[in-house]
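I've put the structures underneath this note.
In what comes next, subunit A is part of two complexes: it sits with subunit B in the first one and with subunit C in the second one.
What follows is the complex of A and B.
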């Protein structure tokens, strides 16, 4: 092995294509986006340097507060539903006494492989205020909770976030299931011999040992929530009005509808920064627990 | 060892970044790279690439007719069609960004404005074809050809296309609603009756924001004939009273149940099928819907004027109409190697497409006049426009060019279609945008 690692020329030769590709599709566009965010640019004409004007305008833009609020709600719904339910289901499926585990594991993952468009259309029909399955279900159960799910200025973002949470719960479940299976059973058995109940043993033994898995799952859930876009575009087109806007929707609007690419770049930079901060915070939170 | 490793890493990163930056850093000025339209060597014909709408019967008919006519008029010109896609002109903008503009292309006013700044559209002011086009314009459609900045960027193929409220006469008779409905209170009352009878009073494809804005503009024209155009003047930093009144009226109608609860999530196919299946009593869309509605509902369907705050205002303003439209049509790329011919072809295609709409579809007002007879089987509703509305039309709503103000109107009128959004929110949001844009 050392023989191979010692050959620097070969290392460089093998790494260069990957590094080159990474630079082309990631580093260069990000750098360009940062540079362009300081320009007044419509995407076609010669860009005019405008300093921090785009950022000043951005922090006074009422769409930003709407988008940040929606991004936060979206992220919280994803984290709570996907990781919360995913954990419970992973623990249930990891239990050897659970019957039909293979079937359950497949069933949980099926929505992940479906097209987002198909899933959104399915839920649009289910959320229909007059004939939708969700309202009919409430009606059937005699619960007076009929809602206009996708047109409500306050609830629609939660309804849309739930669709994403439902579809990709299976993905988080598979990560968590792998995490549960990676915990040595001896620890769990030792805890139960010491008198711990099943769920208490999971709480004190299994879950703390899955720290790294949770770190990854939370990072995915939170950053996906902050940058959510597709579900809003398909289900409500960001409406009513701009009530379902997120930062990615802002980028789409300013770049492609208003041809204000410089400003859209400023929003993109802020989005990248927020996602990076969220990732750092999640890492710090989980690492702090580890060092304690 | 560590130092050597660091050196190697630094070298590799520098090398790859240099390669990337040099590869991607090439100039991409849009109009300076001329495409090769190439006179086809074997036929000797001049080949022009035309980017045009050609995706359904409504768009294929006029274009194919125009191309056939062009073959007779300019046999040396060969058209290569690049069919436009409904993507908000992103494909065309990509062509512009990469310097691959077609010789002639069909586009709308917002895109023309961007292209004018980036010099991707030929200024047509001084061409002979423009002078001829101006001379043959039908009165009232100048705004289709001459942009608000006074220049000509494209030759339009459409004239005036009004926004209309369609209604199902059978349903109205069954529910006992007398026509014409002249006031907002009358329409609100009708909505309540229709809802009580189990109908959707008015189907609207509110998922597309422009239609809620068009409905609102119809109400505005009852108070302010210029419509949205009045919002563009410098110094208008607060919503004028006419617009406040119209917002209050729209909210009142929403509260009366005029729109379906799911209106903001309803697309065109859903809204139109609600109307054509007899589930909805009214439908709002442009006059182009006349053909489909007459085909599907026959004599059961007709259109009505927008109501006003009272009968006197209705009588006084019912011929103030929304629909004059913005500049759009066939434009020419400044990079075309056969620019002079491309300009002639653009004007010809526009004029002949318009001619098709007049002679085959019976559209009463097209951009340039034609000496050919109008179609024999013009739908009754279209005849009504020609004989009743056009001779009496007093003023057309004016164009709003400011994209930010237009987007704010689109967003906030869509909000007016749902519960939980008050007129005060509408006014506050619009005032914020007007204050920023019109200072």
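What follows is the complex of A and C.
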């Protein structure tokens, strides 16, 4: 039996294609990025080792603080909208008296399967200052809130983050809904019998039991906020000026527009480190709640 | 008012947020489909919100014949199908070797593959672009297919691994006693057993590859090699005056995935959210 399942040539045939492709296309580039971040390198000529020079330059780069701020705003919009509102919707939807659950879930999920290009183009049209639906709605309701959504240096990042939040709401909703459904109903009923109001019962019973779901949802929301790129590329090209830059946008610009590869690699490394730290912090925060 | 009617009114009020968000989620798409059938006058002035008064299907004819849509569709289809098939094959073979075969370093190799799941695209993007250039793959299908396969592997192998370890040992013993070769065991026994997991991963990877934007944007510049998400990008600038045709292009591009979702909604939702079970 052991000989049968230890067939060396079969083992090689099964393992090597995946392992080889994975190593060359994924692991080798990761190592390259880390190594090259210590080099002055334009992608063509021989790279010159420059120690921490790229990192020193990076920490003085005004684009970095813009990008960090935008990444944070993006992450907060995703977390508040998708997880905050998503939780309320999931709790109400899970209520046994809710009608049309299937229709609701389908409607929430459809934007998830659309191409990000279509969604961004659609929202460019929605945000159009004269003909867009958003301003026309405000006009219809007689609210003097019409504005040029995508060209404001301070607010456009929120408008852009909202597009991502809107598109992937259904994804987070599915996770949260599954999380609510996984909580045994007896727990919730026991709490309401003990005189707890419905929302209080959810707050004290249902939500704490969804810790693992929240860990995953927050990790997704925060890391996709920090790594955001496509929406600003398509909708404003990082502008007005550089006000909508994010770290991925910096990587794109330094590497592919300015051929400053070494420096762009340093931005990549920092981005991964920040994402890792965020993931660890989220895990710690939710695990600490468990012991309390 | 009796407490009962009071409660049912409360129930009704509670449902309002659900249907409000239903409108927020769906109405922009309804608006897009509506304006794909209108002319500019109707979109901007006479009837911005509702259904078109006169269905202008000529927008669709224009969109399909004047722009490169069929080409983008074909490219997306080729890239997504080929990369998905290879992901399924390579990941299942790898998972079989790690989950079922007996050899020394299998847990180390599994961990090595697991690491890739936590690598964001941004950290491989630059060397990958140079690698594609150095292998002279720029502006070929290979420029997308090969990276898509590699990126799809870690996640898919982990899902398959989870599925395969739960199959009872007796299966192999029976196959061994019957004198079936290990290849027969893989193709004739394991593969059919793994079909539910294969379906999940197939949907997940096909959707991901069909909609992938960032790598395609960096690696493809030739108009004839563009996939759908990339091709649509340039309608915005050059044709922004003709909203009807733009809406038609976007509706055509969205239709296949929306139909797939409506037909297989439960499977798609499960496939898209299966990550929470693996990563969480």
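We take it that the second predicted complex is superposed on the first by the 265 of 292 C-alpha atoms of A that agree within 3 Å, B and C clash if a C-alpha of one lies under 4 Å from a C-alpha of the other, contacts with A are read in each partner's own complex, and residues count from 1 in each chain.
We take it that a residue touches a chain if its C-beta (ideal position, glycine included) is under 8 Å from a C-beta of that chain, and two chains touch if they have at least 3 such contacts.
As the structure is a computational prediction, the values presented were derived from the model and not from experiment.
After superposition on the shared chain, subunit A has more residues touched by C, the comparison being subunit B against subunit C. When the two structures are aligned on the shared chain, A:28 is found in touch with subunit B and with subunit C. Of the two partner chains placed by superposition, subunit B and subunit C are both touched by A:15. Residue contacts after overlaying the shared chain place A:43 against subunit B and subunit C alike.
When the two complexes are overlaid on their common chain A, residue A:124 makes contact with subunit B and with subunit C alike.
Applying the stated contact rule after C-alpha superposition, one finds that A:113 touches subunit C and leaves subunit B untouched.
Looking at the shared chain after the overlay, A:287 reaches neither subunit B nor subunit C.
Of the two partner chains placed around the shared chain by superposition, neither subunit B nor subunit C is touched by A:185.
In the superposition on the C-alpha atoms of chain A, the part of subunit A touched by subunit B in one complex and by subunit C in the other spans residues 11, 15, 19, 24, 27-28, 43, 124, 130, 256.
Across the complex, subunit C is touched by residues 1-2, 4-7, 10-11, 13-15, 17-19, 21-22, 24-30, 32-33, 36, 43, 85, 88-89, 92-93, 95, 97-99, 103-118, 121-126, 130-131, 133, 136, 140, 166, 169-171, 174-175, 178, 212-213, 215-216, 219, 223, 227, 229-230, 233-234, 247-248, 251-252, 255-256, 261, 264-265, 268-269, 271-272, 275-276 of subunit A. Contact residues on subunit B toward subunit A in their complex (touch as defined above): 4, 8, 11-13, 15-17, 19-21, 23-24, 29-30, 88, 90, 93, 96-97, 110, 114-115, 117-120, 207-209, 261-265, 403-404, 407, 411-412, 414-415, 417-421, 429, 432.
The residues of subunit C lying in touch with subunit A in their complex are 11, 14-15, 17-19, 21-22, 24-26, 28-29, 31-32, 35, 43-44, 48-49, 90-91, 93-94, 96-98, 100-103, 109, 112-113, 115-116, 118-131, 146-147, 149-151, 153-154, 157, 172-173, 176, 182-183, 186, 207, 210-211, 213-214, 217-218, 228-230, 232-233, 235-236, 243, 246-247, 250, 253-254, 257-258, 260-262, 265, 268-269, 272-273, 276, 279-280. On the subunit A side of its complex with subunit B, the touching residues are 8, 11-12, 15-16, 19-20, 23-24, 27-28, 42-46, 62, 124, 128-130, 148, 150-154, 235-237, 239-243, 253, 256-259.
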